[in-house]
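Beneath this line is the structure, given in C-alpha cells, with notes to follow.
Naming follows writing order (A, B, C and D), and every chain is counted from residue 1.
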Amino acid sequence: MAALILEMIIEVNGVKIGDPKVVALIAGPCAVESEKQMEKTAAPLAKAGVKLLRGGLFKPRTNPQDFQGLGKEGLKILEEVAKRHNMATVTEVLDPRDVDLISAHTDILQIGARNMQNFALLKEVGRTRKPVILKRGLSATVEELLLAAEYILSEGNPKVILCERGIRTFENNVRNTLALATVPLVKELSNLPIIVDPSHSTGKPNLIGPMSKAAIACGADGLMIEVHANPSEALSDGSQALTPDQFSKLMQELEPIAKVVGRSIRI
Amino acid sequence: MAALILEMIIEVNGVKIGDPKVVALIAGPCAVESEKQMEKTAAPLAKAGVKLLRGGLFKPRTNPQDFQGLGKEGLKILEEVAKRHNMATVTEVLDPRDVDLISAHTDILQIGARNMQNFALLKEVGRTRKPVILKRGLSATVEELLLAAEYILSEGNPKVILCERGIRTFENNVRNTLALATVPLVKELSNLPIIVDPSHSTGKPNLIGPMSKAAIACGADGLMIEVHANPSEALSDGSQALTPDQFSKLMQELEPIAKVVGRSIRI
Amino acid sequence: MAALILEMIIEVNGVKIGDPKVVALIAGPCAVESEKQMEKTAAPLAKAGVKLLRGGLFKPRTNPQDFQGLGKEGLKILEEVAKRHNMATVTEVLDPRDVDLISAHTDILQIGARNMQNFALLKEVGRTRKPVILKRGLSATVEELLLAAEYILSEGNPKVILCERGIRTFENNVRNTLALATVPLVKELSNLPIIVDPSHSTGKPNLIGPMSKAAIACGADGLMIEVHANPSEALSDGSQALTPDQFSKLMQELEPIAKVVGRSIRI
Amino acid sequence: MAALILEMIIEVNGVKIGDPKVVALIAGPCAVESEKQMEKTAAPLAKAGVKLLRGGLFKPRTNPQDFQGLGKEGLKILEEVAKRHNMATVTEVLDPRDVDLISAHTDILQIGARNMQNFALLKEVGRTRKPVILKRGLSATVEELLLAAEYILSEGNPKVILCERGIRTFENNVRNTLALATVPLVKELSNLPIIVDPSHSTGKPNLIGPMSKAAIACGADGLMIEVHANPSEALSDGSQALTPDQFSKLMQELEPIAKVVGRSIRI
C-alpha cells in the first residue's frame, strides 16, 4: 500500500468524489427496465440535484431463471435518459469482453460484490481510464478489498472508488451486515475514496435513512442508493428501493449531517 | 414482542436513557484496578459532564491466567469514587449468586456478551429493580437479543437497556464487526432503549470517534466508551481505551451530531 | 497448554472415553419429559448396548415462553431409569447453584454451548470430581474452547471431555455448521478427549448417520446423539431426534467404520 | 431442482465420478511451475494409480504481486506430462475468453471458489461439453452452489461436479471451515456428483488425512488433493501440499474406509 499516499479525488460531472468537502450521491434503479421507467426515475432525481445516475444492464442473479437485465439494449436507454437530464452514468460490467463497449458509453464502471476477485475483469477495467466503483465482496476482508483495488491500479487506472455494501453474516433480519467501521479503516489504510451502499446492505427501505446518516457521520465520501419510480413493480430488488419522493426527503435530512462533518451533498 | 409498545425511558442520576432528546454517555475503564486509577479517571469525566461511570469488578477473560478483576473489593472503590463525583455506577455481574450484593451497591447492572443467554443470570437480574444493560452476544441475532431481554422482563424488571457491541465475523482488522443497523432495527421491533459500545466493537481508539458519531446519527440512545487515566498501563483492554482528554474532545464533536438528530449529550 | 501432555482417558460405567480403541456413545432425548418417555427411550438403548444416557433437566431455550424442562424433578426420573438399565447419566447444568445437587445424582455433567464462557459455572464444575462435557460455543474458536477447558482444569478437575457441536455461519440449510476439522486439530493441541454431536449441529435426522460416520473416521472419541421414543411428540428439538430403532440401525453401520480406524463402539 | 432426478455419472479416463461404487481421486500441484516439477509430481502419482492430474495455469492470487501462474505456456506442460503417464487433466479457467483454448487441451475444467458466481464464465463453460468442477464460494450457501450449477446446466452442459472446499468463518486455526454436511445435503437436493477438497479447506497437511477419511465416510464422490514433488519449494500454497509419498500412504489408508461405504478408490 506504500504508493497510496496522496488523497485521490475523482471528479465526474462536477461531483468531486473523495473531496473531504463533498458527499457524492449516486441514485437510480437496480436495473434499467425501460425508457419510461428510467425517465420517470431520473427526472425527479435530476431535479433534486442528483448528478450521478445508476442503472444495471446485466443483473447477476443467483438464479438463472430470474430477470437478467436488458443487456446492451439498456445501455442506450441509460445513456440517453442521463444526457437529457445532464447526469453522468454508473453501470456494472460483468464480462471482460463487454468492458470496451460499456466504457465507451458510460461514465463510471461498477464491479459488483460477486466479482470483487474476478481478476480478469479487474485487469480489463484497469486498462480503461474510466472511474471504477469496486464493491466489497460478500465475505471479503478490508485487506482483500484493497488488494483487489491494486489489480485495477496496477494496470494504470488510478480512479478506484471503494464501496462498503455489507458482508454476509448469520444475521437474517437484514440482507447483509453493513460494516461501517470499514469507512474510517479504509481512510487509515488507503487514499482511495470510499462510498457506502445502504440499500443492498440492509435490504429494507426503513433502514436506508438511518444508515445513510451514519455513513456520512463516520466519513463516507458518498452514498449509492436504489431509487425506482415504482418500487412495487420493479423487476429486481424493488423491495429495497426508495421512491424519488422518499429520496428527495432523505436528501434534506442528510445535508445537516454532512454539514456537521464539514461536507455538503450539494455541489 | 406484542407487549412492547410504549417507549421505555429509564432515568438514572438525571440521565434519561431512551428519551428521544437525549444521548446517554457511560464512560470509564474496562476494569476497576485501584482507588487511584478510578479517581484519576472519574474526576475529569465528571468535570466533562459524564454522569454514569462504568468499571468492571470481575473480568470474564478468555484465559484463566489473565487478570480477573478485583472482585467484590473493587465494588467499594467504584461506589466511593462515583459518590464523590456525583456519578452513578455501571458494573457487570457474572454470577447469579453475586446479584444481590452488587445490586445493593451499584446503579446499573450489566450483562456481558458472553452471558447474553445465561438464563439463570438473566432471571436473577430480572428479580431486582435495577436497570440492566444487556449486551448482544458475539454471534446472537437481533431476535435472540430481544428474546434474552424477555427473560429479564418476564421476571418483572422492565428496565432493560440493549447494547450493540459488534458481532464476530471473519474480518480481523477490527476486534468485532459493529452492526449499526441493529439500532434502527431494534427501534422498529421493540420499545427498549439501545446504546452502542464503539470500544469493544472496534478495539481501536482511532475508530471510536467515527463510530460514535455514526451511532448517534442512526438513532442510538447512548454510548458506552472505555476511558482510562493511563491506557498504556491498563490491566485489561487498555489498547482500546481513550484518555479522559481524548474523551472530552470527542464529546465536543458529538454534540453537534446529536443536535442534528434532535438530541443532546448534555443533561 | 503446556500441562496437557499425557492422553486423558475418562472411564464412566465401563466406557473409556478418550481411549484410542473406543468410540463412546451417549444417547437419549433432548429433555426429560416424563418417567414413561424416559423408560421407553432408555430400555431399547440399553438393549442395543448404550451405557451412557443423556437427558436435559433445564432447557436453556431462546424464548422464555418455550418448555423449560422439568427441572430438579426430572433428576429423579433420569437417575432411576438409568439405574434400572445399568446406564450412567449425562445432564446439563446451567446454574452454579445447582452444581452440588446435580453432581450428587448424575455421572457426567454437561456445559452447553451458550455457557462455554460462563466462567462462574466452569469454576463450579471444576470444583467437583465429575467428568464434564464442555460443548463448543456457537461462535467460539478452538483456542477459546481449550481455554474454557482450562477454567475447569485449573480448579482441579482433570476430567474434561470437549464436544464439537457445530458453529453458527450464514448457511441456513443446516442448523449449524459441523466443523469436523476440530477433531484432529484438538488432537494436536490437547490431550483431552473430543466427542461430536451430529444432532444439534445438523438439526436434520437424515444427516446424523453420514456425519456420525465422518466423525468416527476423522478420530472422534465419541458421539452424542439425540434419541426419543417418539420424536414427533417431543417437547424440545424433536425434529432432529432419531427413534431407538433408527439409532440401533445406525450403530450397526458405525461399527465397521470404527473398526477401520482401530476402534469399537462395543465395550 | 425438479429436473435433477437421475444420478449423474461422469466418466473421465476410466474414472466414473458420481458412481456410488467409486471414490474419484484428483491430485497434483496448486500451480504448474515447470516441466520438471510436473514430471516429478505426476510420475509417482500415476504409479500409485491416480488417473486425474490437476495443475493450475492462472493463479487467482489475492495480491497482484504474487506469482500468477505460467498461463497458457503451462497448458502444454500439463498436457504433455499427463499424456506421458496416461492421466487426464484438470485445470482452472478464470476468463471466459480462455475457455475455448483451455477446453481444447484439457479434460476437466475447474471453476474456482472466487468465480462461483461469475456468471459470464459459468455460461461459457456451459457451452462446452467438458466436465466442470464447480467449487463452492467462500461464503456461498449450498442453495447458491446448486443455482450456480444451473447456470452451466442451462447452457446445455450436464457434466457438473460440485466441490465442497470449506467456507470462511471466524475460526483462524484452519484456512477455511470444511462443512462436510454439504455432502449428504447435496445428495438429497441434487443428482450431481460432489467431491471434497481437504487441502484448501484446512490449509494444514496434518489435517488432510483425517478430513479425507471423513469425506469418504459421509459419501463424497471424490477428493481433490494438492500434491507437490517438493512442497517447501512450491511457488503457491506449498505449505498445504502433500508429497507424492505421503499421498501414496494416504491412499492405502483411504481404501478400507471406502470399502466400508461400498466404494473403491481403485478403478
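Everything that follows uses one rule, which is that contacts are C-beta pairs under 8 Å (C-beta built on N, C-alpha and C of every residue); 3 or more make two chains touch, one makes a residue touch a chain.
In this text the structure is predicted, and so the values were computed from the model without any measurement.
*Asks:* Counting shared numbers against all numbers at the contact of chain A and chain B, is it over half, same, or under half, different?
*Replies:* same
*Asks:* Please tell me whether B-D or C-D has the greater number of C-beta pairs in contact.
*Replies:* C-D
*Asks:* Just give me the whole-number Å value for how far the CA centre of chain C lies from that of chain D.
*Replies:* The computed centroid separation for chain C versus chain D comes out at 35 Å.
*Asks:* Nearest whole angstrom, what separates the Cα centre of chain B from the Cα centre of chain D?
*Replies:* Their C-alpha centroids are separated by 49 Å.
*Asks:* Any chance you could list the residues of chain B touching two or more other chains?
*Replies:* In chain B, residues 139, 168-170, 172 touch at least two other chains, as defined above.
*Asks:* State the interface residues of chain B toward chain A in the complex, per the touch definition above.
*Replies:* 139, 141-143, 167, 169-174, 177-181, 183-185, 188, 201-202, 206-207, 210-211, 213-219, 256-257, 260-261
*Asks:* Provide the residue numbers of chain B that touch chain C in the complex, in ascending order.
*Replies:* The touching residues are 60, 62-65, 94-97, 114-115, 117-120, 138-139, 144, 147-148, 150-151, 154, 168.
*Asks:* For chain D, which residues count as touching chain B in their complex?
*Replies:* 168-170, 172
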